[in-house]
Every structure is written in structure tokens, then in C-alpha cells.
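Presented sequentially are two complexes of chain A, the first with chain B as partner and the second with chain C.
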Partner chain A sequence: MSDGVPSSQIILAQSGITPSLPTPSEPTPAPAPEPTTPASPFSGINPSLPGSNSPSGISPSLPGFSAPSASSASSSDTKDGISNLNITITNPDKLPELPAGQHELKLVIQDGNAQPPADTGLGFIEIFIAIVAALLVAPFIQRQAGKWSANLNAFQFVQRNGVAISAYLLIFTLGWIIFMIILPQLYMFDFSFRHNLNPSEIGGPADTYTLKNYTYLIFGREGDADLLNWLHLEVFTKTIIASVIVTLINFALCYPLAYFMAQSVRGRNQRLLFLCLLLPFWVNEILRAFAFKLIFADLGLVNSFLIGLGILDQPYDFLSANVALYTGLTYAYILLMIFPLYNAIESLDPNQVEAARDMGASWLKIHMRIVMPHAKPGIASGCTMVFMLTAGALAAPNILGGPSSLWFTQIIYQWYNTGGNWPQGSAYAFVLLISCIIFVRIMMRVFNVGLGDIAKR
Partner chain B sequence: MSSVELDQVTIRFGDFVAVDNCNLTINSGEFFSFLGPSGCGKTTILRAISGFNEPTEGSVRIGKDDMRGIGPNNRPTALIFQNLALFPLMSVADNIAFALEVRGVKYNERRRRADELLNLIALPGQGDKMVSELSGGQMQRVAIARALAVEPEVLLLDEPLSALDLKLRQHMRTELRAIQQRVGITFIYITHDQGEALTMSDRIAVMSAGIVQQVGNGSEIYNNPATSFVASFVGENNAFQGKVSKADGEFAVIETSFGPLRGINNRGLTEGDDAFLFIRPEVLHPAGDDDTEADANFESDVIKEEFEGSFLHVFLRSENEDKPYKMAIVNDANVQRRATGETVKIGFDPRRAVALPYGELADE
Partner chain C sequence: MSAEHLRKWVIRGYIALFFLYLFGPLLIMSASAFNLSSYPTITPWEGTTTKWFGELADNERIVSGLFNSIWIGIGVVALSVPTALAGAIMLMQVGERVRPIYYTIVVSPVLVPGVIIGISTVIFWERFGSIVGLDYETTNNPFFLTIVGQSTFISAYCMLVFIARLQRFDKTQEEAALDLGATHVQVFWKVLIPFLRPAILSSVVLAFLTSFENYNTTVFTMVARGTLTTELAGLARFGVNPSISALAVVIMGLTLIGAVIYEVKKRREEAIIEKSKKRAAMKRMRDTESAAEQAAAVSA
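On to the complex of A and B.
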């Protein structure tokens, strides 16, 4: 990173941060020239490392909190910020000799305290040793290759799919699981146990593991008047309960529809129904959420309709009452409920329903004793997905939530984004994730569903 | 126990007439079968009796009550499905007692009744098994017990034996018949298998294309078929086509391509009618010297012979190359084999040949 223009690094102090906040790094008195243009175009630079704009003064302890610095840290598009840069070099004699008009600039946002990175380039010796080693090992590999491929072929999986396809399948699934899921999550998990440090302190003596990010959710800041962090705990509990309610509403709405589609409709009509369900989901989430907001607004469709019918005298504030939020959340994941239910019910032999009816069972009894037990894996699968996604929803609560309501994900989002406190955000996110998993597993135990059952559908 | 009456029942699905003006009375305590090829409307009739379909016209009466508007759950019938439709997630006892469960019968009473029924179907002590642990025949019997648990007045069976292998099927025929006689209720049985219908039933209704062709007991239907369809569908039969050349109250002579042949005239054929003469393979025999009765013998060529143990089947050239005539000769000690292509003289007893108006034949 430093070997391009070693003699003339241009140190840019990140600007745009409110003066009251400490800048991410102490700008060392530059041996290099000061940029002559005002640094305002740099306001878009967002340090990629969390904690670099030390938010010690801006913990989001209040809901709806928004620090003045929020805007400065929100844009992450560093490239655009730099491409518009206009810099005049004041003492070009310190730059390496280059033909006129071809000056290459490398901007380094440097941390004054950080050690210059070690030279990682491979020297001649290392390359030489690697080549010699490869030459020594090669005959051995060549000798063993036949044996290995024979062993490999012995695996049934490989025999069935061929080497190329099975390698692809393995690498793809393992790669996906390890690099896309496990490693980043482990990284975030590690993060959640760390202090929110300046980049300069990372790896230093202050960089120790701590539980404070987790205890904060329960006890709040030390020295607060209350023993517990009531606000966040309440939001957390409300989010879980509301997600359960949304899931139940979703199930109640989808079950009859799924039953109807699976057992009563056939052929053309069935395809038509599926299309009617699927097509609205081409509309993106934001548009849908704002449309809901419009429908439930004071002068929106629902209020005009109800007033027109004479049911209401004056507009009802659906947004404050969270009616819009619940409706939006319910609608958002309706397909994830309908399709597992549909798949499960579709595999039920219609004769079973008729047999039960013939034996005098009421519709309620038929569904409780015959259809639902059969569809249990699908019900579990649908409810799990809807619950998880609802608890983790962000856009709908952001747009449709009433002024006094807060979804737990919004707090998490504030920690990461506005608060710039990634460890705290990670801790909160993990609390949500693990609570949801525990809750779902308990429910599965109660209803006697195995994980394998869910995957079946 | 009740009789079932079908009074001018017509059932249509759109333009398609599934059942056409069916009039039947099924007596109380009777084992009654509907026999016909698939698509003949027999299952539709069964579903109309059980209440899953309503007749488009006419009425279904059970006992003396008109069943229109009464759902399957409120009729004194129980239906056994073709695939049995046992509940796989319940134990055998829960399956059998399901009808009692929905009526709010207490667990202990349910269990007692289930055990009783398990004894009836000769599966004592198997109540705690899951349905999937049973064999095909056992499932069959559990389905019967489940249907009997409600103490129905009429038990409806929709080809319940069709999924079983031949041996088990034959065994279950006798067993079904025995159960019916033990419980004494009306059984209405749907089948396309004439063997089942003939062995089990008190009476049989033969159906084709939505129309009941004939109702009668097994021997009536076999020996005195009322239509060409019944004659060709029930058992094997040789059909000789032609015009009636002479007819009286007892016999009709039909001018066939094998010469004039004579048969019983039960349907009042008159001279000039298009007609079939049906002669069963076991009625044909090689003519001896004494076979001189007029219009009761013909000549044909042997196409092939098949020896089947108790019978020797001789296939004879007919009007239709695909359907050679068949003669069954009882295998006694001096049964005589013939060479292919040999012309033989065949005789038959005209009192066992049936002349019927020209009509639809069953395709086997």
C-alpha cells in the first residue's frame, strides 16, 4: 500500500464529522502538502472499519435518536467521493518523475499511530524454495494421483454424479456454507464480544474480550438510574410477541387458502390463483410498504371507505395503532407461509377427508385430526420462516411503524449505522437470532416436529 | 338395517350423463353388487348413495327417508374407499374408533368398542399398531371395522379388493361375505371384477355407459343375459351376428355367416330384426353323429388349441379375425386334439344359446 508514492503521501483528515467529535485519527502534521481544495467532497468517505469515528458521545440510548453526524457516516460510496476529487499539488518536486499529465495519485487515509505494514512481497529466495519443493513433491503426487482418484471414485456420491459434478456440488455448497455463512457470522460473533475501539487501538492492549455489549441490553449503562435497560428489553419482548402474532395471523389467513388451492382447485384455475399470488411480489418491498402507508393514511383508502360507509366519523390513525405495520408485515411474508402449507396439504389423499366426513366428523374435527396433523411439517416450516423473517424485518417497521413503536431490528440498525457501534449492534443482532432459534426450537418440541420434517417440505 | 331405493336417478356432470334414469331397490340385509367396466357410472351411484354427490334428478331413499340435502356425515351409510383411506398418523384402534371419537364417545368406551371390532375382523390385540405396520389384507379388515364402528345401516364398498394380489383377493371375498352375514347389514359393493360380483353377491346390477342393463342374481345374469352387453361382459361368450329369419315365443333362428343358428328368444325378437346369438364356450362341443338337430350346428376351422388342465380350449375361425370363437371341452380321458386348419363340425344345445337384439358388446 505504501510503495506507490512513498515520499509524498497525502494525508487526508476525514472531514464532515461534527467538530465536537474526535476525528477518527489524529492527523499527524503532514510532511506532505496539505490539500488546497476544501475537503468537503470527502464527506462521503466512510471508514470501512467500525468504530473509526469513535461514537463515545453518541450512544443511541433513545429511540428515534438521530445524531447530527448520522449523515456523515451514512454514505458508504467512497469511490464516488474520490472520483470527483480535485487536488492541486503544491510542491510537485517531491513526486516521482513522471511524464507531464500522468501523475498518479494514491490517497491514503493514514492512521498516524499505525505501524507501516510489513513488506509482504515474496522475495527471490521464497519463490526459489517453493519451486524446488514443488518439483520434489510432484513425482509423489503423480504416483498417488491414480490411487486418490480410485479412492474418490469409490464414494457412491461421486460414482453417481461423476467427478466434475460432485466436485462442483461439494465446493459450491461447502463454499456457500463456509464463506458466505459461517465465517462472516463467526466474525460478527467475535465482534460482539469486543470493545468499540478506534482503529488505532485495535490489536492494542485495550482490545480485550468483554460481555458489556450483551449486559448493556439487560442492564443498560452503568450508573443509569434504572437497574435494567427497560427500554430495549421492552422493545425486544414486544418484537418477539408481535412476530408471534403476525405469524399466527399469517397462518390463519393462509391455511384456508392453501387448503382450498391444494384440495379444491384444479388445472387452469389453480395456475391462475398461483399467478395472482405471485405477481404482486414482483413489486419491491419499499414500494409495497409505502403503498400500505398510503392506504392506511388519515385520508387514505381505508379511512375514506370507512367514513364513506358511515362506520367512522373521523379518520382513524391506523399508523399509530400499528395496524398498517401488522398488515404490511403479514403481507410481506405471506408466500413463505402459503407454499409450505400448500405443499403439505396437497400431498394429503382427498379420500382421507371424505372418509372422515363420511364418519360424521365436522369440518373443524377433520382439520384438527386429519389435515393439520398431516400438514404439520409444512405448518412448522411456514411458521418458522415467517416468524424468523418478521422478527428480523427492517423495511416494513421503518416505513409503517407508528411514531411510538420500535422494532428491535431498528435498534440494531441504529447501533450499526447511526451509532457506528458495530460490536454493540452485533451483540444485539445475536441476541435476536439466538432468542428466535431457541423460541422456534421450543415450539417445535411442543408440537413434536423434528428439524428433518421441516426440510422435507 | 334399511333398504336403499333409487328412484329415477339421473346424475349429470355438465353435459356428460354419468347415470341415466336408474331405478333400483336394494333390499335390507342384501349383498348387492354393481358390476361394470370403469367409467360406467357405478362409483357415481355409490357416491350418490353415500351423499358425496347429489342426483341431478330423482331421489335416493334409505329406509323410507329421502336423502336429498343430507350430507354424508348424517346418512346411515359408511363408505369403504378403493384405497381404504385409513388415517396413517393414527393407531389401528384410533382409526377404528374415529367415528366414535367425533361423536364424543369417551376414550374407554371407544377402546372397548375398537377391541370388539378387532375381534370381529380376527385381529385381536392389534389396536396399538400403526396402520403402516399392517399387511394389505389386515388393512382391508381394519377399513371394514372402521366402517362398521358407526353401526351403519348400509355399508358401501368401492372396489376395496382391487389393490390386493389374486390370492388375498380370493380369500377376502369369502371373508367379506362372512362378515356381511355376521353383521347382517346391507352391503353395496362396486366392482369391475365379475368373479367378485358372482361369488359374493345376492344380486348384481350390470351397468354400462350410465345405464343399468340388468339386475338379477348370478345365475340369472350368467345364463339369461338381458342385453348383448351383459352377455359379452359377464363370462366369456361367442357372438354370432345376423338377421332373424324365423321367430316364435321360444326360439329365434338367426341367419349368420355360419348358416342359420337357433337360440332362446326371451326378448321377443321378430323376423327381420338385427340380432346376436350368444353361445358360451362350454356350450359348444364337437358334433357327433347324433347332432342332427336343425339350426344347432355349424362348421369352422381350428386356429389353435390351448390346453389348460381341466379344459381344452379350441379357438375357431369367426367372422372377426381378432376374436376367434372359443370352445371349451372338459378334459376327460379321451379328449381329442386337432390339427390347426382342420375343419370341424360344432354342435350346441339351442336351449343354452341366447338370441338378443343387436347392441353394444363389451370390449375385453
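On to the complex of A and C.
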């Protein structure tokens, strides 16, 4: 960017002492490339990393020397007087003419407070969440502090695993939990309350919090003729209800087979049956959906068959009628229903069923009173997994859905892709997430099982 | 007897229908790859051809998507398998009180819809990157985002595999090695890893295949680029060319070979475990129960 600039002015600002030279009026917030090194982001210095090495040739004699980052023009912490130094390159255009290759170095000592306020990018909500989290955790920590210090858990942990292994365990687990599981969800939550801004406006005065992304789902755009946003609300309810129906159909289809497999099939046959059940699910989800498109398309198998028999005169549009979609969705996650059911029923002692039958219990009663109560964890796990995956499905609705029908995930996708409104998409995604959490909680309550039972498969 | 006979046939019929439902669509799709018709269908059969396979190899997007998928799969394996192992070992070590919370957190990605994982990954790295000052190119690199996003939940899958095996780990082996003067790192590499090797192999396969066929997360994190699966979805949605059926045949052939090997190996291993479990249970029974109870058990 400033490769060919003949001269640059470097100002070293030291806080806590009165300025002896005037500061430049417009310190550019651009990254400060060291004049003598090529200004590639990867070579030499990377000014955007906090604590990165300072440019060679100037720094070694200066303590606590730090270059300002691209996003935060000044990260100066004025608490400890001299410890912080900032390099700023003034606009090269306004510099006095110097012979090529010559650089003017000025040392400006000034009060750190005179720096523009730091834009750390931390919004109100991050700080708010941190405070709430701290308040929630504090009593727990206080209660546990005595125990912890007595046991010295952390110390024991290191002692048990050795330093290297402890570091590996901690870095990977904490990195996973913090940077991949928790923070992304929090950021999405935060983002869903923001306006849809251009990148340049982020952090500016327009970057405030709003509820409009959520109210849009319910009420639609302000000033619309309709009171409610029927289109999106309808899609949302349709998605949830259809997912429940798909789950119930899956259960009805799988229960007899799972019972039969668990109670009557043994040995070699069982292994073969298992393999046959598993094989279709190693095939890509997209291809499984596409297979149903072939069957239900206008020129597909079902239509040709029905026309051939003379039942239909012209092809029936199964795709628009969502027949293909529901069949495909039922097919897509059937494996996740059958295996939990099988595992749960398998542990039932056949003698119990035998005994009930001997005592004269009807076929229905045996299943309602003995098999199903025993298989409760399996039913909960299967139903939850199928529901979640169906409600969150994107591939099958994309491929099998009719042109006019939408799945809720497709609306989310549209906000991201063609709609170009990420905060809106985040709000919708968050609504989906909450719905799924509510569903899981209901299942856990109704079937009285733990989360571990549900996630296990 | 006749009622019993009828019941048997009803069950057999049901199973036959069930498997027709499972395999029928896939067989129809495979067959359509060989039909001369320019639209993927099996009715009417216009003649047998293999030209759609040739057309497939000429599709540049498909080929580049395939390479992207492979690179991402390797990255996901490299990130998620060590993460899953660390997560599983941690679960064995955290205190009783923390364990349920910890378990809930690490298992939650399994239950969160993939769409949401994709969105949150993209948003987080874009905003977090600008706050910390990582440069835009890194944090918005589609490969980086896809690998991280997919690893979020694939790590959880793999962790469940590791937990299942770690539960059978004999801690005394570790203690013995330490007593004999091995360092912790040596114990890790010479005792724990060899014990976990089958689980590591399973999770490598699981991670790669899950990554390879993931759509919901990838479609968000790849931004404008594509993997094989996302390209495939585009073709499946708009394309009316049988070359997608040809691709289906290729992918199905490869995955089925892999799946058969994987499943057979897994079943064999599980059978061995079952056997050793039974043996251990028998031994425990012999050890703990009194002779009289044992005699009663035998006679019963």
C-alpha cells in the first residue's frame, strides 16, 4: 500500500509526559507498515496482532513498545505511565519532501489521554453478558472455592497428566468449548439484535441494538397492510408441525421392525439386517433426496406408472404438493429412529413379554405397558434426533420442495444469501434454535431422560 | 399354528416392504445413470449408455468441488480427532459436580441444527476477527470457516466414539507405566494411544465421511466456493442432466465399499468386546457369589 512512498514520519507517543512536538492532526488508522520492509501482511511484522514484534531497528531500546492494530487505532492503556508506546504514520501525502529513501524519525512525547478513544469493538451486550455470567457464576465459585483450594484440583490435574498432556487437553477442550461452541452462539445472539449495516458503519453511531429482526418475523415490515407476517409465521408453524408428523410416521414405521429385530433375530441374520439398514445412510444426503425427485418428478416413475395404468391423464405435480418433500424427509433420517429404538428394546428381557402373554395380556397391552415404557430412552432419543434434523433440514427442502413452498431453514438461507440481511437471518436462526431447545426440554420432561440418553446413539 | 404362520408372513412382508423403501429409490437413481434419455429417469428406457459418466469428468465445478471436499475432509480430521480425544479424556477427569454441565456443553453441537452452526461460525469469525485484529483474509477464508464449523459437531460425534472405548480403559496400566518410570508423554503415546487405536481409526473415517457429505453447515461457511456436496445440491435442484445420477453411482459405489469394510470391522470388534465382557461377567460371578448361589444359578 505504501511501498513506493519515499518518506514516512514516525511518531512515538509516550504517555504521561507533556508533548514537546505537535501531534499530527490526522493519524491514519491504517496498519503501520515499517518503511524499510515490504508492506505485505505476512512478512516482517503483522501490526494487527496484539503483542506482536515491533518493527526491527527501532524498538529494541524501547520498553513495552507496541504497534497500533488495524481495528483499534489506539490500544493505549494509560494506567501504567510509560509502558505504552504507539507508532502512527501520518498521511504520506502531507509530509515534507525528503529525498527518496530517507526517513524522518520524530519522537513525540505526549499524554496518552489525548489519543482518540479506543474502539475495542466490544459492544454493550458482550460486557453485559460477561457481567451477568460473572454474577451467576460468582456464588457457585465462592461456595466451591474452599473445596477447590483444599483439593487443588488444577494442581492435581497437572500432576496426573504431566505438563505437556495437560496443556494439550486444556488447549483443545477449551478452544473447542469457547471458540467453537459457546462464543459463536453468543455472537449470533448478539448479532440478531443489530441493524443490517454496511461494514463501514459497524461500530459507528448507527450500530445500536434493536428488536426489529424479531418483530419482523411476527409483524412483518412496519406499515404493511397485514397485522402479522403471515408468510413467515405460516412457514414456521408448517415446518414445526410437519417435523412432528414426520417424526411420528418414522416412529410408526420403525417400531415394529425394531421390536422384531431386537426380540426375534439373532446372530448372522441380525448382522446382515444391520448392514442392510446402515448401507443407504452412507449415501450422501443430497443424493438420497435426488432419488426421490426422480421418483416423483413429472416424468418420474410414479407418474409414468399412474399414467400407464390409466389412473391419471397427465402428470400430477407431486413436488408442488410436497408429497416428495415429506416422503424424502421421512426417508432421510429413519436410521436415527431405528437404532435407538432397537438398542432400547434389545435390553428388554423376552421373558417379561412371555410372562405377560401367559397371563393373558393382549398384544396391545404388552406393547403399551411393557415394551414402550422399557424403551422410553430410545423413543426419546430417536424422536428428538429425527425432529431436530427434520426441522433443521436444508438439503431436502431445497431439492424436493415445490417452487412456492418454503421450509423455515430456507428463509434463513435466503436472508443470508439473496436477502443479504445477516442480522435478520441470525434472528430467525435463533428462533429455530430456541424451538429446538424447547422441543428437547419437552422430550426430556415427558420421557424423564437425561440429555446424555438423547445424544447417545 | 396357522395364526403363528400368518404372523410370520406379515412380518416378512413388512420387512420386505421396508427394505424396498430403503433401497428402491437408490436403485432407480443408479439405473437412470445408464439411460440414454437426456432427463434422468428410467421410464421410458431409451437405450443404455455410459456417456453421462464421461460428461461428469468434464464438469470443472464438480472436479474442483471434489478436491475442495477432500482438503476440507483432511482438515476436519486433523482438527476434530485430537479435539474429540481431548474432550473425551477431560470427561473422564472432571469432577462429579462439573461433569453433567461439561457433558451438556460438549454434546450440544450434536443436537444443534447444522444450519445454525454454519451461521454462527461465519458471524463469529467475521466479528471476532475484526475485534482481535486477525486479518480479514484468514477469518473469512471459506476453507478455514468450513473446517472449523464442521469440526464443531464432528468433534462431538468422535468424542462419543472415544468415550465408549475409554470407559473400558484399565487405569492400572497407566499407573503401572508411571510407577516404572515412564513420563506422562510416554504413557500417552505408548499406553493410551495404542489402546485407543481402533477408536481413532473409526473416528477418522467417521469424521472424513461426515465432513464429505455435510451440506447444512458447509453451504453457509463455503460462502461463494463449493464442495462436492454443495455443487451436487445445485445440480440436483436445477440440473436436469443424468450426469448427476452418474455421479451418484460413483459416490455410492465408493462409499458402499468403504461402509461395508467399516461396518464389518466394527461389528467384528464389537463381537470381541461382547465376548470379553461376558467372560469378565462370568468371572465376577464366580468370584463374588457363594458356592451355594452358584449351584442354584447353574441348576436354574
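In this text, the second predicted complex is superposed on the first by the 252 of 457 C-alpha atoms of A that agree within 3 Å, B and C clash if a C-alpha of one lies under 4 Å from a C-alpha of the other, contacts with A are read in each partner's own complex, and residues count from 1 in each chain.
Methods note: contacts are C-beta pairs under 8 Å (C-beta built on N, C-alpha and C of every residue); 3 or more make two chains touch, one makes a residue touch a chain.
Values in this document were obtained by computation on a predicted structure and should not be read as measured data.
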Partner chain(s) touched by A:365 [first = chain B, second = chain C, both, neither]:
first
Which superposed partner A:292 touches (first chain B, second chain C, both, neither):
second
Touched chain A residues, chain B compared with chain C:
C
Using the touch definition from the top, say if A:398 reaches chain B (first), chain C (second), both or neither.
second
Tell me which partner A:301 touches in the superposition: chain B (first), chain C (second), both or neither.
second
Quick check for you: in the superposed arrangement, does A:352 touch first (chain B), second (chain C), both or neither?
first
In the complex formed with chain A, which residues of chain B make contact?
50-52, 71-74, 77-79, 81-83, 85, 87, 89-90, 98-99, 101-103, 146, 149-150
Residues of chain A that touch chain B when the two form their complex:
349, 351-352, 354-362, 365, 369-370, 373-374
Interfacial residue positions of chain C with respect to chain A in the complex
11, 14-15, 18-19, 21-23, 25-26, 28-29, 32, 39-44, 82-83, 85-87, 89-90, 93, 95, 97, 100, 103-117, 119-121, 123-124, 127-128, 130-135, 137, 148, 151-152, 155-156, 160, 183-185, 188, 209, 213, 215-216, 219-220, 229, 232-233, 236-237, 244-245, 248, 251-252, 255-256, 258-260, 263-264, 267
Give the list of chain A residues in touch with chain C in this complex.
41, 46, 48-50, 69-72, 120-122, 144, 153, 157, 160-165, 168-169, 171-173, 175-177, 179-185, 187-188, 191, 202, 253, 256-257, 260, 264, 271, 274-280, 282-295, 297, 299-301, 304-305, 331, 334, 384-385, 388-389, 391-395, 398-399, 409, 412-413, 416, 422, 425-426, 429-430, 432-433, 436, 440, 450-452, 454-457
